[in-house]
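These are the structures in question, set out in turn.
In what comes next, chain A is part of two complexes: it sits with chain B in the first one and with chain C in the second one.
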Partner chain A sequence: MILLYFSLFFIFISAFIPIFFRNHIAMSEKLGALLHIIGALFGLGFVINFFQNPIALHVTFPFSLLGQTLVLHCDALSAFFLLSILLISSASCLYGLSYYSYEHRGVRASWYYRLLFGLFTFSMVLLVISDSFMLFLLAWEMMSLLAYGLISIDEDDKEANEAGFIYIIATHTGVIALLGVFGLLYTYFGVTTLSASWHIIDQNSSVASIIFLLGLFGFGLKAGIFPLYFWLPSAHANAPVSVSALLSGVMIKMGIFGILRICLLFAQPPHWWGWLLFIIGIISGLLGVIYAIAQHDIKRLLAYHSIENIGIIMIGIGMAMLGQSYGNQSLMLFGIAGAVFHVLNHSLFKPLLFYSAGSVIEAFHTRNIAAFGGILRVMPYTALFFLIGAVAIVGIAPLNGFASEWLLYLGMFKNIFASQQMIILLLGILGLATIGTLALACFIKVFGATFLGTPRDISLEGIHESSRWMLLPMGVIAFICIVLGLMPFLMMQMLFSVAVLFGVSTPEISLLALQDLSEAYLYILPLAVVVITVLWLKLSKKSSKCVGTWGCGYHAPPKRAQYTAGSLAQMLLEYYGWMFKGKRHLFEISGLFPKSLNFHLHFDDKNIAALNFMGLAIQSFANRLRAFVHNGYMGLYVLYILATLIVMLLYVSFL
Partner chain B sequence: MNIFWQYALIFAVFIALSLLNMGIITKVKAFFGGRKGAPVLQKLYDIIKLWQKDITLSTTTSWIFFAGPFLSVLVPLIAFAMVPFGSVHALISFEGDFILFLYLFALLRFFTVASALDTGSSFEGMGGAREITFSVLIEPILFVCFIILAKISNSLALENLFGIHSFTSWTHDSTVLTIVVFSLFVVMLAENSRVPFDDPNTHLELTMVHEVMVLDHSGPLLGLITLGSALKLTLFALLISHLLLPLHTDIFWLDLVLSAFVSMGVVACVGICESLIARLRIVAIKNILLGTFVIALFGIIMITRQSL
Partner chain C sequence: MNISLMNSFLLITVLINMYVMGSNRIISAIRAIAFQGVLLVLLAFLSKETNNTEALLFSIIIVIKGFVMPYLLIRVVRKVSIDQEMRPLIGYTPTLLIYGLCVIFSFYIATTLPLLSEHKESIIVPIFFATLLGGMLLVIARQKAVTHVIGYLIMENAVFILSSMLTDSMTFLTEIGVLLDALAGVFIMGVVLNHIASIFDDEDSGKLLTMLKE
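Entry: the complex of A and B
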């Protein structure tokens, strides 16, 4: 635990370094980042040390906070989430050195950003190890508010401010639900810490379902499950890239962390909870990826992919819960292991994608995918890292996204013929397969339209590869993605100790499946490397670059004639047209000399549109009600008072 | 026989068989068309010819352009290592390997489309869009087939899914197995750009799916793609032939020859299909694939009804 205190301490003071040394901002920015990374290294040391012998650490402080004793508790689940918080926050810190430096944004923005950023990381680390309800809520609230500050850090950006506003409303609606959860726990069961409330609620308790649903709402709002993700795309799209990476990679995972903590409260959950989580997972996954395909803003697209991945994680959690309620150990083990492994994996490849997209946005000052093209030639490393991230997130072999999805597949296939869960697992397999292929289509679109071909609305002249501070964190994360992809068994012990927490009692041997994967790669990779090297050496000598792309008879086809991102996705989106609130403005050519014509195609998110519509309807109903009740006649107000008095008198006299 | 040489022999037979199979399709189509047709080994001659040429690259391309052709040979070879052939066990086999098998082909698809988009040509983009669109419909069919086979063979390794369980299966679950064979056959036609779905031989690039993605590949790169598509077709044919051939004699040579012959038969059926059916409109492809998916789902229903 000492290492963790050091980590918290260093991260905390790293936030205040730039504000105290404003006059030497260039030096203090680097010093702050250094301290942050030292803190993260201490924390990682703690995590590695912890998993050598994963026994929960429990610390009670001799003073109280807001009427409750301050208790810290670190178990396998906390330690697992610490891993991704510390890794990604320090990567973002490095990336921010060049991306959010005082030279670009000014001295005030620089120290303000670093203050919020350091405290944001601090609050998340505190959140996962806090045990008393008060401390948990305090850390949760601190994290949410600091995230708001980071999203709308650019005061002149109207869109960002609006996104931040939606976010803050959403997050506070969630907190109300969480207050309900902890209030009920305290009132009905008299507990004040999370660790004391393990398995405290049995199935027949009258408040069990209420607590579960409130928790799912409160934490699900933060995680961005269907249909509560409405704040997520705009917030992720408008925040600075180094922050989006942290929001998407880590903060929304705190919602997952919360849902897992809620699951731990129950000894024997009813069947329908598992079904609910599972189906929410499938719908979030499918909707997220389909809406992602329709986006033309690269950051918004990545944000929608977060929803997709949260869906995949929820499928895993749903599996675990089904396993728990039907008493199926193997379903539980593979579900929980796949889910938390995917949490870690998503917190690696999503920041990687955000960083590389951020470098592109920095260089070309637009987020519109339709404008890009051919960027690979001027930013080869950024393109390579984006490619690695894309292959990983799509979940194709041999990168880490595949390893975690493979665990989920394996769990479902192993148990699909075990009677009651047949239909749901069949849906799960088909859902996961469809999500996978759709994600592939989406990332082909982004990668192809952004990095390949020829530029559409941008100029490549004078553009250079981004700075080393930006490439370094990308390189490190890409390396981790590859290592975890090829050797997923490295995570076996960690995954298993998390699963044990959830009541899995099968021997560790059953996760050896991850080793099978590595053994297969051991055969495949040498063959692949040899074949590719030989072919490359042989063919690169024979090739000559001398002609343009064949234009099917046209000598010099204009660059606008390239297939665009929109047209790549269009055919696929037509299949899923019913999911969209679509607008299309088709044109018809008429006359001998047609004028220049425009063509627009919009695919809008039907879920957000529906929520919007519902919100407006409620608002207009409330308006009318108010106008009816509060109509300005003095006599009527007196009547209200009289009526209230009579009702109260009746109440007192009869009850 | 030494185990190493055994596998080396099998890989060699696989490559030879795939070249031969392409010739068989041409011969069958020529027979139905009343023509004599190109020699059976024409693909081999083509590849040798292409290999000796130089490569002309478009100025817009990058290293991604090479990734597609390289993987198009590599992936079927790796995938073949997971599939049994004759009475020889698969080289790589573990529980759940068929998911790796499917996702390796996803890797191939990713890089094929990426190298098509690398040229910046509108035609190749069109092909890429179709490829990824149809793949969304094809993948669930394959998963359903594998679920059924997993149930029949009571195993999750590709070697057993397509292993020797089929003799008892044909007597007990013949309808379901027929459904699987039919679905796999449709998937084979769709994945390998055969006629009802795609026609590589038309003169109009606008109507193609796969062939239009490789317009700018020339010389050895085109040769690699040709070889790769032959390997992929034969791999699928081998899978189907494992289901159709319910017996093993356990004599190495005899099993090898039998497997090869049945896969040739499957491929001849492809040729017959190509001769009898006209190419579908692009719009109709969706309906066929969805229909096949529904049929495959019926298979699942039947197999679970039996077990209750």
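Entry: the complex of A and C
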């Protein structure tokens, strides 16, 4: 635990360095980042040390906070989430050195950003190890508020401010639900710490479902599950990239962390909870990826992919819960291990994608995919890292995204005939496969339109590869992605100890499947390399001419004569048109001399539109009610007083 | 003074309330309220032993209630040349009917309250409620600002009933305080009405908000 204290201390200090050394901002930015990374290294040391012997650490401090004794508790779940928090926050710190430096944004913005950033990381680390309800809520609130500050850090950006506003409303609605959860726990069971409330709730009691649903709502708002993700795309799209990476990679996972903690409260959940989580997972995943295809803002698109990945994680949690309620150990093991592994993986490849997208946005000052094209030629490393991230997020074989999805697939396939949940598992397999395929299509669109082809609306002249500080974290994360993809068995011990926490007991079912995966790669990958080399050699002899990627086979087409992001997405969107509230301007060419035609694609998220509509309806109802009750006529107010008086007198008389 | 005589005088208070609600002349309503105030003060004076100080206070209250406030109000009404109509929002007969219900309600409520045994026979508490509700009803049912002031004065009388007759200790000082509040209210109302009348033609407070907006 000492290492963790060091880590917290250094991260806390790093937040304040740039404020105190404002006059030497260039030095203090680097010093702050260095301290942050030192803190993160201490923390990582703690995590590695912890998993050597994963026994929960429990520390009770001799003083109280907000009326409750301060208790820290670190178990396998906390340690696992610490891993992604520390990795991604230090990567973002490095990335921010060049991305959010005082040279670009000014001294004040620089230290302000670093202050919020350091405290944000600090609060998340504190969150996962806090055990008293009050400390948990405090850390949760700190995290939420600091995230708000980071989203709307650019005061002139109207869109960012609006996104931050929506976010803060959403997150505070969630906090109210969480207060309900903890209040119920305290009143009905008299517990004040999370670790004391494990498995204490009888699933048949009337409060059990209320606690579960409130928790799902409160944490689900943060995680961005369907239909509560409405704040997520705009917040992720408008925050600075280094923050978006942290939000998407880590903060929304705190919602998942909370949902897992809620799951731990129940020894034997009812069946329908598992079904609910599973179905929410499938819907979130599908909607996330389909809406992602329709986006033309690259950061918004990545944000929708976060929703998709949260969906995949929820499928895993749903599996685990189904396994728990039906007493199916292997379903539980694979579900929880897959979900938690995917949490880590998503928190690696999503920041990687955000960083590389951020480098592109920094260079060209636009987020519109339709404007990009041919960037591969000027930013080869960024393109490479984006490609690695894309392959990982889609879940293609040798990268880490596949490893975690593979666990989920395995869990479902193994139990499809052996259990009563055949239909839902079948649905899960179909859903997961569809999500993967659509994600592939989506990233073909993004990568193809951004890095290949020729520039559409931008100029490549004078653009260089982004700075080393930006490439370094990308490289590190890409390396980890590849290592975890090729050797997922490195995580076996950690995943298993998390699963043990959730009550997986049988030692004979284990995660050896991950070792099998590596073995399979050992044979398949060399083969693949050989095949590709042979094909490459053969093909490169045959065709020596070089043609632009989306140029429809013409040798030197004008830059407008190529497929655009919109046209790549259009075909798929036609199938899923019913999910959108949108306008399509399609055309059909007719006649011998067709006139000039326009093609325009604009799709809106139907879910958000529906929520908007509901919100507006409630607002107009409230307005009318207010105009009726509070209409400015004084006699009416006296009438209210009179009515209150009479009611209270009657109340007294009947008492 | 025995209880039954006092009760019959108290009932006159309610009758005056009814008169105010039923009349459509503002000035006569103001006079009726002044008479009600004087009647109540005298009733309180006669119902208990008093020393010199208290007698002085009594006379101050009588002067304010019976002469100063009605004079101020009538002056305002004449000066801003408010037409003498009450201009009811709820008609005269419905107001009286509702007030009848209020009186019944007051008597019912008083039976359920945990009163001291010596107050069981007197009707101070039900008359207090009836007068209070009457004042509120007047504020609700009439549209003009001056009638609202009349409503407040009725409520003030109600408070006086409770404070001076139900308790034996030094309540006159409290009453003086309340009275000063009411007097200040009358002053302010006069000033406001004067100003509004000089700016707008209509001093109808129901439309005050819309007037101010325009």
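Basically, the second predicted complex is superposed on the first by the 584 of 655 C-alpha atoms of A that agree within 3 Å, B and C clash if a C-alpha of one lies under 4 Å from a C-alpha of the other, contacts with A are read in each partner's own complex, and residues count from 1 in each chain.
Assume a residue touches a chain if its C-beta (ideal position, glycine included) is under 8 Å from a C-beta of that chain, and two chains touch if they have at least 3 such contacts.
All of these numbers come straight from a predicted model, not from anything done at the bench.
*Asks:* Should A:454 be classified as contacting the first partner (chain B), the second (chain C), both, or neither?
*Replies:* Only chain B is touched by A:454; chain C is not.
*Asks:* I'd like to know which partner A:639 touches here: chain B for first, chain C for second, both or neither.
*Replies:* second
*Asks:* Thinking of the overlay built on chain A, is A:652 touched by chain B (first), by chain C (second), by both, or by neither?
*Replies:* Touch status of A:652: second partner only.
*Asks:* Once the shared chain is lined up, is A:572 touching chain B (first), chain C (second), both, or neither of them?
*Replies:* First partner only.
*Asks:* In this superposed model, does chain C or chain B come into contact with more residues of chain A?
*Replies:* Of the two chains, more chain A residues are contacted by B.
*Asks:* Mind pulling up the chain C residues that touch chain A in the complex?
*Replies:* Listed in rising order, the residues are 89, 105, 108-109, 112-113, 129, 132-133, 136-137, 139-143, 148, 151, 205-206, 208-210.
*Asks:* What part of chain A is in contact with chain B in the complex they form?
*Replies:* So the residues of chain A touching chain B come out as 373-374, 376-377, 380, 391, 394-397, 402, 406, 409-410, 413-414, 416-417, 422, 426, 429-430, 433-434, 436-438, 440-441, 443-444, 447-449, 452-454, 513, 516-517, 519-520, 523-524, 527-528, 531-532, 535-536, 538-540, 542-552, 557, 559, 561-564, 567-572, 575.
*Asks:* Using the touch definition up top, name the residues of chain A that touch chain C in the complex.
*Replies:* That would be residues 632-636, 638-639, 641-642, 645-646, 649-650, 652-654 of chain A.
*Asks:* Can you check the complex and tell me which residues of chain B touch chain A?
*Replies:* Touch list, chain B to chain A: 54-62, 64, 66, 70, 73-74, 77-78, 81, 91-92, 94-97, 99-100, 103-104, 106-107, 109-110, 113-114, 117-126, 128-130, 132-133, 135-136, 139-140, 143-144, 147, 150-151, 156, 205, 215-216, 219-221, 224, 286, 300, 304, 307.
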